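One chain, chain A, links the two complexes that follow: it is found with chain B in the first and with chain C in the second.
And then the complex of A and B:
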């Protein structure tokens, strides 16, 4: 921000004899203009992450942080089977949720952009998809609990219909419940970017493909999917990073019975083991960055956009 | 904003306190300095603690009786320990449990209290002084409050084995916890902690997921099952921790647990919805289930109770007028009104004599003496908790607090225990 008034003053005064300073400032102008961004990134991103990295090498004794440079936190974190099985479980969740949100997101986006002809209806239906997101995601999640419970609506309905004679226990406080909540919470993050890229696909390309003799499946495979890849990869980045960092969904929907990487950190913070939690945070950050890097290797978003 | 205001007010108070100090120094004032007593009305004390006792009703009554403004912050057990240690300037009064005190006090963020300034020190239940409820009682295992109740001197952070003049915290609240059950759904009498592991209740049990407390419930179950006999449940060896956690993991893999809960509300919902029929529970959570018209019993068990206690501690930075206000507040807290308020919720006050004077005889008979209620029993918020004729689960004060098997604890192997507990949750 400080760059703007300065630049403006220079331009205003530059009509007369101020011409010399103005030209001296000109090469610096782009840098001055980016100061605001650098400040925001520095204060809210770089400094906090640097702090976490530093603390991850500290020691803690009797609930106090001791500045040090030790690798114990990383050794404990990476040497424990709990960490590995928790990462495996979290990654498994991410993959399953990705598969479901991608199929749902792609189908919904495809329907909206290719089957709904009127752009008014497109926007109306799109808004309907977004309405649940007007409430907090915790409320959307909690509302599943009475629905799926042992004496909940789902079980009563199933029993009334004679599909089962005893309540199905796996519906709540189970991996099923966790995945269901994730898919519910994050499907829209897939719909929006895919819909966005699909809307930009030149309709003449599809016509050309048809004229060249391509059937609907061939059009989908060779035209729609390749051109939707940037949207798919953006949606994938959203879903994967959200699931990898989550702790509250896992805790609530599994009834505290299964672990996630985020939950593991939360427990450590609860026990005042900040350096251990910081080490886990750094490991998680690197894992997620590698996943994002891998996604970007497959699809070059910049080129495609 | 409020913080900045607090800082300037604090500055003013220091000046006032200095003036008071001069008055004392001159020897003109004997006994309670009246100039301070006047100023105390302007003091704001910031208190934080768990939700059980940080209630706005108490703050309102305190303002009315003493003029002191109380600013309360309620949080969960883990968060209180964190706040106490990491933000020592953010509070004046710490309302914490004794096992948390064991973690916090050695860090030097609280100051010892002069027992001579505590009006009701002599009336504190002996449980907090000698560890014995009655002269012939056996001291329970774990972090019993009296073991972390005193320090060696005015500036010491070292716990004293014997009572001294320096109190770490003024005890205020305590209770004996056990398993909560749904008598309509368990289908048989529940008598032992081992019933939590009974395959008959497969998929219908829960245990609380606060490591320091959950491990104690787990220990009660293990000992009742005959898996292990602990030298001291409250201070297990690594091998004992391994055995305890192994039983839990086996039970988890067998599908015994429906859920692990962390907050009061979760435990109420699990019980009220019928997801769970037997679980670790806290007494007001049992009342909350009953208030919904659902049968729920806080079941006494033959192995005894797991007990906990909490008190008020003084922040290190308190001095002068604010320190006096803090003592004044603690003396008010133990003078009866709050004690009665806590007793009526099913907890116990640490100064029972004063609480008694603030309760109706029929209330005292129900809550403390285990007698059938002569009239309907209301909680302090005016809500019906028991109809006339009901008897308190577990009976009288001496029957309940006299059968405490262990206290909530911090072990020497606390860190190892927490690691193993995480393995249980991840298993």
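And then the complex of A and C:
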């Protein structure tokens, strides 16, 4: 636990005056307050990632880990076309989902910030978009069954309208269902940051642009979009990293017809091939970090924080 | 901006469709969880009953619903408490410059960016290599904190960026010790945000799946139990469970929102 209370007492000295004797502790205060965060992120993020990197060079014999320094895991991982096609498919998913969530997220955020007059309604409608974040992803995926299943609502509606005379099998357990579930799960990761940046755009800038003769499209293109870029890139980082690392959506929604890097790793873990899985994990991590770096090169989001 | 032309209504319609898309499926399984005893996973409804909810609490049901629910609640409470305390401490620390602050900040943000399955695998491997037994209250707890703390710290950042430091200076000028100014000025003012951080910690942990799967040890949490059910349960009991736990989450959000609004109102009337 951070020593916030005692720590705060120590600030006394920082201000000088009457409480001078305790001032020796004041410079230590931020360290005491942040030590718990250091410990948690160190033990449960940094060391585990380091463990993955180390184990990716290890050997496994009879389902046991054997410390070693071999490159076989990387050779196996990168030398097979299955890996490459799985990576391509995962990146393809990320790009498709990005296009959909960005279009939806931008439009929804734009409506909320520029077309909803009362700030009370603005907050209520925004909360409605954000609340599903605090519910279970698994259940949100399950909830597509009555819609997309063989006897689901979508098929019944299509058949009632005479568009098809037999139920479509490709709706549930298909690549289509995977993309739909991703967009359903992750659209709010775009709405929230884009809405936040849009709310900070000075309304006078837009009036100035219109006074200068800009039409709605020009205002959007030259004022709103450029000023929303930080929110767009935060949303993009979320969506891209979530899709790149996903395994459960593909497992539950694809019916075995799609693959993802995460699912490939999880299958190897199921076979207790930890060093192979670790090698894939390192490659995946580097890929994701490179994507994030590329996004940050385009937009500096630090001032957003 | 024009507020009433066709563009406005087009956008409003788009928004309505988006909300329908967000909530439609959940509402549908909520309705279907009241299926009659002969009903299936899709429409039509064959009668209306509480059969599947009752079924949930019968012992012969697949898996261990009650045990995993209790574990998930206990874990979520633990994560909630730790997230509030650690994020508050870090939030206070980040108000000043200190050695390693930037590294710590990026390390925390990395918790959001590193794919969940890697954290799960890494923690599982670490426990394996060191020879510790993974458990929900050790390895899974740590895995959840790597997800809830970045949100908590970012919220504290936003809170302290907007915090008026003159209030603390005023307290000090009136003779308050730093501890008194924290306890009687800062904490009451940021209390609604701390409640929000707690809600995030609880909910994100309660629903967490990908970070738990390789780090939970032998006992399942509720999301793991539900995921296992999807492969071998083909009756509306799945929907009943889904509806119950979603209602629980939504009820919590509503309750916390009301508490926060009441706190804000009291602050305003006091001021």
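Basically, the second predicted complex is superposed on the first by the 261 of 305 C-alpha atoms of A that agree within 3 Å, B and C clash if a C-alpha of one lies under 4 Å from a C-alpha of the other, contacts with A are read in each partner's own complex, and residues count from 1 in each chain.
Convention: contacts are C-beta pairs under 8 Å (C-beta built on N, C-alpha and C of every residue); 3 or more make two chains touch, one makes a residue touch a chain.
Remember, predicted model here, so these are calculated numbers, not experimental data.
Trainee: Of chain B and chain C, which one touches more residues of chain A?
Mentor: C
Trainee: Which partner chains sit in contact with A:172 here, chain B, chain C, both or neither? Use first/second/both/neither.
Mentor: first
Trainee: Looking at A:45 after the superposition, I want to know if it touches chain B, chain C, both of them or none. Which is it: first, second, both, neither?
Mentor: second
Trainee: So in the superposed three-chain picture, is A:294 touching just chain B, just chain C, both, or none of them (first/second/both/neither)?
Mentor: Once the two structures are laid over each other on A, A:294 reaches no partner at all.
Trainee: Quick check on the superposed pair: does A:66 touch chain B, chain C, both, or neither? Answer first, second, both or neither.
Mentor: After superposing on A, A:66 lies clear of both chain B and chain C.
Trainee: Just checking: does A:146 make contact with chain B only, chain C only, both, or neither of them? Give me first, second, both or neither.
Mentor: both
Trainee: Between chain B and chain C, which residues of chain A are contacted by each of them?
Mentor: Common to the two interfaces on chain A: residues 145-146, 149-152, 269.
Trainee: Note which residues of chain C are touching chain A in the complex, please.
Mentor: 1-3, 7-8, 11-12, 14-15, 18-19, 21-26, 28-29, 32, 40-43, 82, 85-90, 92-94, 96, 98, 100-101, 104, 107-108, 110-119, 121-123, 125-126, 128-129, 142-143, 145-146, 149, 153-154, 157, 172, 177-179, 181-183, 199-200, 203-204, 207, 209-210, 213-214, 223, 226-227, 230, 238-239, 242, 245-246, 249-250, 252-253, 257
Trainee: For chain A, which residues count as touching chain C in their complex?
Mentor: 1-5, 7-12, 14-15, 19, 29-38, 40-49, 51-52, 55, 65, 104, 107-108, 110-112, 114-115, 117, 125, 127-129, 131-132, 134-140, 142-147, 149-153, 156, 184, 187-188, 206, 216, 237-238, 241-242, 244-248, 252, 262, 265-266, 269, 274, 277-278, 281, 284-285, 288-289, 292, 305
Trainee: Under the touch definition given earlier, write down the residues of chain A that touch chain B in their complex.
Mentor: 62-64, 80-82, 85-86, 89, 145-146, 149-152, 169, 172-173, 251, 255-259, 263-264, 267, 269-273
Trainee: Which chain B residues qualify as touching chain A in the complex?
Mentor: Within the complex, chain B touches chain A at residues 78-79, 81-82, 85-86, 103, 106-107, 203, 206, 209, 211, 252, 257-262, 269-270, 273-275, 415, 418-419, 422-423, 425-426.
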